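Each chain gets a letter, A, B, C and D, in the order it is written, and its residues are counted from 1.
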């Protein structure tokens, strides 16, 4: 390469990967050099996770070459990548929930074995966690299954930056902040900047463009399996990024005009420690606060109170959009269509028999309405990218007739364009009388709500409405625990 | 070629293929003379495995860990009590059937009550229930073999249109089960629960109700099979169901139903049930000793699953 | 005097009519013995599953419970030897019957199962002097009794070479299993002159053969009531002839009395033999009348019978 | 700062408590059991069950299930009572061979992505057939050293207790403390992440199966040591017993959540439950049913203790 630039840690040249008819990568060339943070953005299904798998050694491209530190490698695999200090935080959480944090560290670091490995692993992970998330409060002898989803993501990030013999040189972060709240995300981004300044490299994938713009030194935009732009971060703005990704810019998301809901009936309520929860017809109620402070539990409680485990109900009272798709979202063996229609089978069936024609029609309708990227709804749900799977879950909930929609951080990993579309649908449906209860880790979304409950330590500590719903007020309430 | 490829993806094809090969190997010995006899015998005895297998399949579809070990004792109890009640009287056939079905419902309810109330894995709950039900069977008639009413005895051993009557009953039940699984909301529900119970719950499916109905359905099919088998073999015996424990599980999994749940397969049960009967017949016909016979049975089961396994379940 | 002694019955299986008859006989005879003060207790225990390990645990528990004698129908002739030895070491009298144990410290009330098998072929040789093809229905593979009876049958075939065993299936001593196994092998068999059995499987075989519309061979029966009844029907309709042979379930009561005699201080030889119960064309009606509907032909023993058997062995 | 009763400790406390309560009930019914000899009689047949339970637990740790455990232990018992006594070298070779077969099964199941239930169902026929070939009728005799080992009388505590503790300790070290154990449980917890860290899941699964085969072989040998001889059907019930033991001990069918100490306690509990019933003297008709009832009661106890524990923790 050119003399003044250091050799790339990993360089992928003209990589092509296809899954059946889908070209996930269509000739991608990408080099990562020491001391840079590459921001990788693109719409859902653009191929970001796929290129990450290639760099990480988990996927061999069907065509193209990979070189590391200047040498072209014929057999590049997971172990070769790891020996060169390539680490990855995957989009789906990928720890063993039955093992403790220490034991997970042992799994990650193959060379940590030998007598007394527990002690060494404990040191390794605690040192790294302390560095990335000071004051994290995660005991390393707890099993991962007991941790909250945010804590798990923290552990995973901590592990990627940990050093047990082979120092990390290139850390790939595929949507690392999707379950972190703003302050934790900021802690991580700060650490990334330190790491890069000290000569390490990072690939950062995120759908939150601010994170990319504030942290990356170079931003690469992908679209339909190709790289369409690759420029230093300073040359980009929010606007130009969105344009490059191919999304139509629909302008800033705005809260809809405040409406008078005083007369609207209360459709769902729930007591508990702290303030009571109450939502009215046609209202969009946000649940805010730091991640893991009881918002999801509140949603589960609301859901459990309104559904029966024993008897089928003709008219659903509530419906649910999962954030943790793997755990309580998708049905992996099924087609996209069946995944979509399962929520509203009651409407599609007559005397218990499913009307296939009506089902197909409704599927096609929603595929068009929220642009699910697939050739055929009969394909398996897992053939969709994560963001598109999430859209199917949305369609599942919105296609029911339930008056209340519970949303558990549903925009995890959804790209900017799609988000705008979904916001629009939510606004329309709320105007039509549907109630939304929306937990989100993204401040922008919380600010779209008519009214917001702020959670702290499992209880509602503040209620903000109308103009009071601002980032400052929410942050203040979630940290102080006092009502603004 | 495309056709062939499509068909080879069907999970049930392997059990049918295996059944056919074994059937062919058996009639080769006699030079084809006994084709009809063997086929009819196979259909007759496969029918019982099919009926209990379908019930077991519904339960296995509910997901990992779901299995009903009380099938054999339910068959025994239903058979003994029904025959005792009918007491060789043709007029009592319907009450006998009703009592058998009621026993099935009772056992199914007990099974699910334990699973739910004690939050114990179904494998343990149904095992415990099977001990209790077996005791009840011993207690009711102390192992006496009472003959079935003559009409039932004749009916279960006779043929219509060249098909054994019991096979026709199994066919009707299979079509009903297929319809339930493929066309109804209930079928979607059990498949969803089998893939992910939390997801099913959040999608608004009445998880407990569905599982409850499924366990009851399985037990009712078992009691029905017990009723028919007792009539067919000329009286209920305390050990008459014991064969059907492993059999019911084997025909389900050999038939291509996913052991991990969520994906069931009715035609496969037929192939697997015929296969399980024919393989014993074939090895008996070849005059092999018990040891060799058992080893061959095991190896054949493993080969079938090796051929069928490793496939990706297709989009459904 | 044994009025203070406690005797336990250790039984490994209760899942067929033979075992149920055995338990009923035990209850009837020992109940009277306890009432009249011959012994203090005679409790029956059955394991949940037919397994030697479970029965071994049962025997160990009986040791802890302080029984003076254990009457044992064993799941395995050898696999209980460890537990039986421990019982003997604890000073307990162990009497095994039907399923006997080989441990030298225990008493054995044995039936000559080999002879039972051989005599079937001998009977057939008288009925069918010209010989013919035989179908053998065996019991449960790997079990002592199955092996013994089968060995006897094969011995008989050697003795009467006009017979040939053309097929052999395992009927597990159950009518429905036998029916299924016979139906499966029948299509491939030539004409069959006789069916040799082990008991509990004759009626199933008859049904399978009838269903295949084959000429009915001579099926040796096993003393079950449904078998005897079928035989009677055939006899009345077409003069069908056969014989029936099995061990009487009431042998449990003989074992009880033998145990009582040993506790009473009598000198008893370790190996006793009881005859099996055979039913022939001539005494069919009489035996059928004495057998409970759905049960097994049975004989119960008294204390005098036991003393006679003990004397005869000396 | 935080209440640090780990989930593992709770998982263990509950089976231990049920065992204690059951033991108290047995002592109350039959005070004679409260002695060196009594304890040995109560528990010595639990030793092979405990070993088989550990074997089953290893398989369950990688999300599989072994339905051939009972027939395999029976087969090993037959080998022990014949070859291992008459020709120790050949016997040892056979046993080493079948451990290898277990490892190979793990490989095949992994490579072809087969359901372990079906493969082990098939293998159960194979082992049963081999056992019948080896011992068509019950017989054989335990090698003297095995007999001596299983009937030894250590000071202070009876053999059954000493051996159970040793098994629990060894299995705990192997499964919970060693790197291999972490790897095996990791495969059960999240196969993909283990693979992504560069490990061979294939090797881990083969190791789990091989170890399971090894423990099952030990179970067969121990069993023959107690019974002095073997038959082809001797241990059929170990399949369900071993599964029940793992569950009673706090293990789960999927997710790699297992507890070796719990599994041993589970095996002891199951054995003890049988004795408890004998001491109750139930009518013969209902003795089988009572076995079911006792299983239910023990599990209900587990639920109850679980509730109490949760309430304590919530406080």
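As a convention for this text, a residue touches a chain if its C-beta (ideal position, glycine included) is under 8 Å from a C-beta of that chain, and two chains touch if they have at least 3 such contacts.
None of these values were measured; they are calculated from a predicted model.
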Query: What is the touch distance from chain A to chain C, in steps?
result: 2
- prompt: Between B-D and A-D, which chain pair is linked by more C-beta pairs in contact?
  reply: B-D
Farthest-lying chain, centroid of Cα atoms versus that of chain D: A
- prompt: Any idea how many Å lie between the Cα centroids of chain B and chain D?
  reply: 29
- request: Measure off the straight-line distance from the CA centroid of chain A to the CA centroid of chain D, and report it in whole Å.
  value: 42
Task: Using mean C-alpha positions as chain centres, tell me how far chain C is from chain D in Å, no decimals.
output: 35
- prompt: Roughly how many whole angstrom separate the Cα centroids of chain B and chain C?
  reply: 32
Message: Show the residues in chain D shared as contacts by 2 or more other chains, in ascending order.
response: 128, 131-132, 136, 287-288, 291
- line: chain C residues touching 2+ other chains are 14, 48, 141-142
- prompt: What parts of chain B, by residue number, touch at least two of the other chains?
  reply: 131, 134, 138, 142, 258, 290-291, 294
- request: Sort the chain contact graph into one of these: line, ring, star, complete or other.
  value: other
- prompt: Which two-chain combinations touch?
  reply: A-B, A-D, B-C, B-D, C-D
Field: chain D residues within the chain B interface of the complex
entry: 108, 111-115, 117-119, 121-133, 136, 240, 243-244, 247, 253-254, 285-293, 295-296, 299-300, 303
Task: Give every residue of chain A touching chain D within the complex, in rising order.
output: 56, 58, 78-79, 82, 88, 90, 94-99, 103-104, 106-110, 113, 117-118, 137, 139, 141-143, 145-146
Query: Where on chain D is chain A touching in the complex?
result: 1-2, 4, 6-8, 177, 179, 182-183, 185-186, 188-190, 192-199, 255-257
Task: Give every residue of chain B touching chain C within the complex, in rising order.
output: 26-27, 29-30, 33-34, 37-38, 41-42, 44-45, 131, 134, 138, 141-147, 157, 229, 232-235, 237-240, 242-243, 277-278, 280-281, 284-285, 287, 290-291, 294
Of chain C, residues touching chain B in the complex: 14-17, 19-21, 24, 48, 138, 141-142, 167-170, 172, 174-177, 179-181, 183-188, 203-204, 207, 211-212, 224-226, 292-295
